[in-house]
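For clarity, chains are labelled A, B, C, D, E and F in written order, and residue numbers in each chain start from 1.
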């Protein structure tokens, strides 16, 4: 079982969700984050002065998938989140030792 | 015309009568209706208007502290005004310097006392709302870092030692009124006093930790714009109500007030657009407030064209002053009380002399007074009030500092003041 | 003085004439202007004032449900008032118990009908805004757990069966008016009825799931303070408008109203400061509302010093009642409608008898009535209204429960009511 | 009765006198007090009322852009109105088609000029607030995607080329007034012009990227409800002020206004309850606005029962039109300006003819005019104004497009307009 | 050392926190997220139309525990977060290589 | 490749970001969280009563770094986030199996 964690542009969330369900992923968790990277922040105006804001709004997605789904999932995210412009974000993958479905207590891949 | 002109001299002139024994004048229900409503409108300017305007500009962790400061200053100013402030400002004059104690606790201000064509109690309440907003304006100088106890003590002392005397001099039949100074709705009495005192307090208090480089942008510009809109609407009561009658003079006062606000906002936005490639909402509404503050002293004397000129001047000059105070003087007058209100009030006080010209649609100079004479009186009076405000504020701040200390714990400044000073958080979404 | 005094008897006295055939009195445009504006101000108290005041106090997931309850109660009360409520309260009295049906659908209330010195349609609309806010006050008793359908049915029935009769007794020329009860702007009619009914409903409905230990703090105290400020400003219309004229009496009413609000807020904050080491914003504005509710019945009878006393009493007594209801009675009157409005209204109704004393700046007792007599009448009337409100509310709630059930699904209570009851969410930031 | 009837013909009739040389009429202080306050109330409708109403409905990333659009349109409309708009609408008529340039810069509108019983400057300012809100209504057609520069140019041109002429025809003594058209407070002049122009602009601009399937729900319905409540309260000034006097006619105007709003909200909520199993807050307040827009032209002519009928019709018809425009016409008039304001204004303009019937509590038809005649005049005038508004708007939009382009960069549309267009963000919590 | 990450229903947060302290866990970190899974979103009403909102509000908890605490922690969460209804959420466990307490620089289990 | 996840005091975010860029880290992702730990919550006042709020606002940072940067990154965070007072937070490190840059599809260390 693996965790696929991705940081994407906020307005891509629905596309990514659809792409993931398209490859058979049944669930995911998303949250709002602020990103810092190559895509520099922006300037904001406040009473006659400009201020630099370093962070850009991003959405972070976490999807746990069975080992055999991992490539499909990563590809689905990469394709659907891509706009080709700087700041499209990253995908990180890491191992999950175990999973439990709270409602039923099921574990392993069947918990997903 | 006659009536409008006479009253067009503003509160300054009118209240000369107030100090005198009640005239045989009769209460006019239309004038009374308008001034009761104007009183509500000016209260609305502070609560929630000014509170929201300021609260949107600070960080989210201090939003409630700013509102709380406005609420409590309003409450304390109200009680103090009734107890003694009104009497100091509008009681029987002691040699033109200060009102006597004859009207303490609104003594003698019953349902049947009259001031001009309205009940005196209505006049006293209208004035109370001015006594509420003036110290509340100074809140913009010290947000996110000043002790709540020190704020309250400073505000109370300031109301009685700075505001009440100046109100007496200009509006209460004092020596500036006798000199013929013109201040229709408070360029000197309200904006100059508050603005320069704010600068002094900001300087003595020291800047916020992150000033000027790591400042966080306003946490809620929509809240600020909402407050600004309420200030705008309420200002109809502030300036229009200062006519103390529902007539053409009041109508002209709201007209010029509105035009100045709109013009200053456009001016400010154009400067931003040219300078940064886009105009901001906070900029536009700051322009609105600058335009309103600047027209305030002039609103009973100038016409629509004068208002256009005042608005444009307010937009340009207040815009540059904001930068000057921050970057040149390095003073963290955090929400620009001096640059917007102080400078605006002073500017309007001076501009009203030339712009009262009949050729510009103004009401003209007072009988037998030349424009240059009037300008001299205006400049002298505003200069004296600036010195007085700075000096007395300095003393009050020093004493407050000795008694309570001025600044909160640095760790509390990091968190924002809501939790440490008031045990609450602004948003639990 | 004469005029102010006569009218100073309040709506109670005035509306005696209303019931009688229109007098030859002429419409006064100043009085009319003021009462039209007062009508707008009292509407503003409910929408958005009260809605925001209450909505900021609940969890984020129920913010819209509270606003929706206020909006829909306002709409239903408006239509009901026009259809039959106004007639029940101010129609030709049937033996002092209830108004007749002669004014249903505002029959006979045309552009030329007169009430005192204002058009009767303006009087009817002013009264409508009272009929809107009174059931809306009760919203504070049941947020986050009551079915929307049950809320609407309860509110509609309550308006016609509790509010309209009591309004008739006190203001519509009914038997309490005949006894000489004094209730200038609704200590009995508005605050006592709503407050005790809220307590009954909260008791019968049962507490929120987490009451009293795991309660979540207000999700947006700034919203609450904004609403409170709007209530404050609007209250000028509520109390000042109850004079039904733009005169010194109206001026004095707003003066004492304002002073009581400010004093109660200071008092509440001092208690918190002593008890918890810091004063909170929600506390301060709750004090404001307590001060406003308490002065309401007295606002046409007492003077500035009376207002100071009423404000201080309101701050202390309402503060302690809040704790008592929660911790001792264990009733989840969630936003303290009884402790703030009910207790405030009752307190003011009683205090107005001694504080009307001329020596305290009040208007004195009615001709030939001693202070103790007046106090007796006040106590008797308020007691009867409490019993009436409790009894009738009990019946309405039981019937509503039988028909619709009172509480939402427990799972919906967890989520907050916005989504399950209204298909919306409060914040999508 | 007589006075109310005469004036009950609305601004249309009154301003016939305006164009004529000032009569010997005297200023009435009560009427003046009311219209000054009504002016403040109508300004309050736009700022902050309409700004909040609209801003709550968009995504969080565009909240400030909507407020900014309302603020800047207000500023520009104010200055333009003073410079030339007022003169085009209310200056000496050039053959009934347009006002002359005699009142540019409020020339001749001094503190002593009179219009009916109020100072002309008060009338001019009251009208200015209408000139502010009308182009601001159109903001609802194009949020989240239109260039700020294009918005300002369109709004300015629209004010002078669509609004000012129509205002002249109907209220400024123009040819429609001469035909006897009835439009008390702006069904034709305000709501029909803005509504159909909004539809044209939405069509030419094209839909938002996600229209109609992936739309995000309103980011802050509580903000929308707050704005709606302010619009409701302010509408007392809009309709009640259009009586230009504080009398029974003004009272009846606010009564019918209020009843229509309440009835329409109930109607809209009932439809939602039946259709979706629950009523929403945004639905209820959209009903309020539909009820207010629809009663606007009729508010000086119908009685309480007419208001019930108009409110119910508004609720039903505007509800279905919202769906029709979106799903059938596929036009992204994003915040439903046409379906709510346009349709409401047209509907009320037609319904006022039958509902003015004395048997329904209305004021009756004008002397010697039959109901069918009046209906014919209403239908003809509204049709011509629709065609005029569509045609002129089309031309203005085409020119604006040629000069500036209409739409922002698609990437900016994704982010929301606050940052790219104004360099600010709405919430930093 | 292991990370226990759980996605739960928002109103269960206090129960979970109490359950965890009950088994000796000294700290945890929580954040608001939006979940997509078997528990479908809801419909929202907007001016006469219904819109589907796919995501449901959830709370994500992260707790790092020593290896010997892991079973107790997972069980505590599973029990306290369970309502038995769809959408109760998931628990994922994965390895943590090292931990540091920022204040003191302590590392390993004693950093927790 | 390793993930460095840290929970810090909110006002330290800018210092930490600067410290990290100082040691060559090119990107990071931050989010608002609520923490529970040794630093107890605070009491809030509500109408005459005090309520305990258990959670303290914190910021969570996630930085993925190449294996050879890990020590520098952890040290940079620890130093810059430290105030010496309770509640300064934690740093957790764990393995990342793979990384992808969404824009380009690059993988491995060059995706960072």
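Note that in this section a residue touches a chain if its C-beta (ideal position, glycine included) is under 8 Å from a C-beta of that chain, and two chains touch if they have at least 3 such contacts.
Since the model is a prediction, treat every value here as computed from it, not as a measurement.
A comparison of the C-E and D-E interfaces places the larger number of contacting C-beta pairs at D-E. With centres taken as mean Cα positions, chain E sits 18 Å from chain A. Chain B and chain F have Cα centroids lying 45 Å from one another. The geometric centre of chain D is 52 Å away from that of chain F, both derived from CA atoms. In terms of their C-alpha centroids, the spacing between chain B and chain D amounts to 33 Å.
Residue positions of chain E with contacts to 2 or more other chains are 14, 31, 44-46, 50, 85, 94-95. Among all residues of chain D, those that touch two or more other chains are 28-31, 33-34, 37, 217-218, 246, 276, 278, 280, 282, 422-427, 429. Chains touching one another, given as pairs, are A-B, A-D, A-E, A-F, B-C, B-D, B-F, C-D, C-E, C-F, D-E, E-F. Considering their complex, residues 9, 11, 14, 42-46, 50, 85 of chain F touch chain B. Within the complex formed with chain E, the chain A residues making contact are 3, 14, 17, 26-31, 64, 94-103, 105, 111-112. Taken together, the chain A residues at the contact with chain F in this complex read 2, 6-8, 31-38, 54-55, 58, 60, 74, 77-78, 81-95. If you check the complex, the residues on chain B that touch chain F are 214, 411, 414-415, 419, 422-425.
Residues of chain B touching chain C in their complex: 27-34, 36-37, 39-40, 43-44, 47-48, 51-52, 55, 63-64, 67-68, 71-72, 74-76, 78-79, 82, 105-106, 109-113, 118-119, 121-122, 124-125, 128, 148, 223, 246, 420-429.
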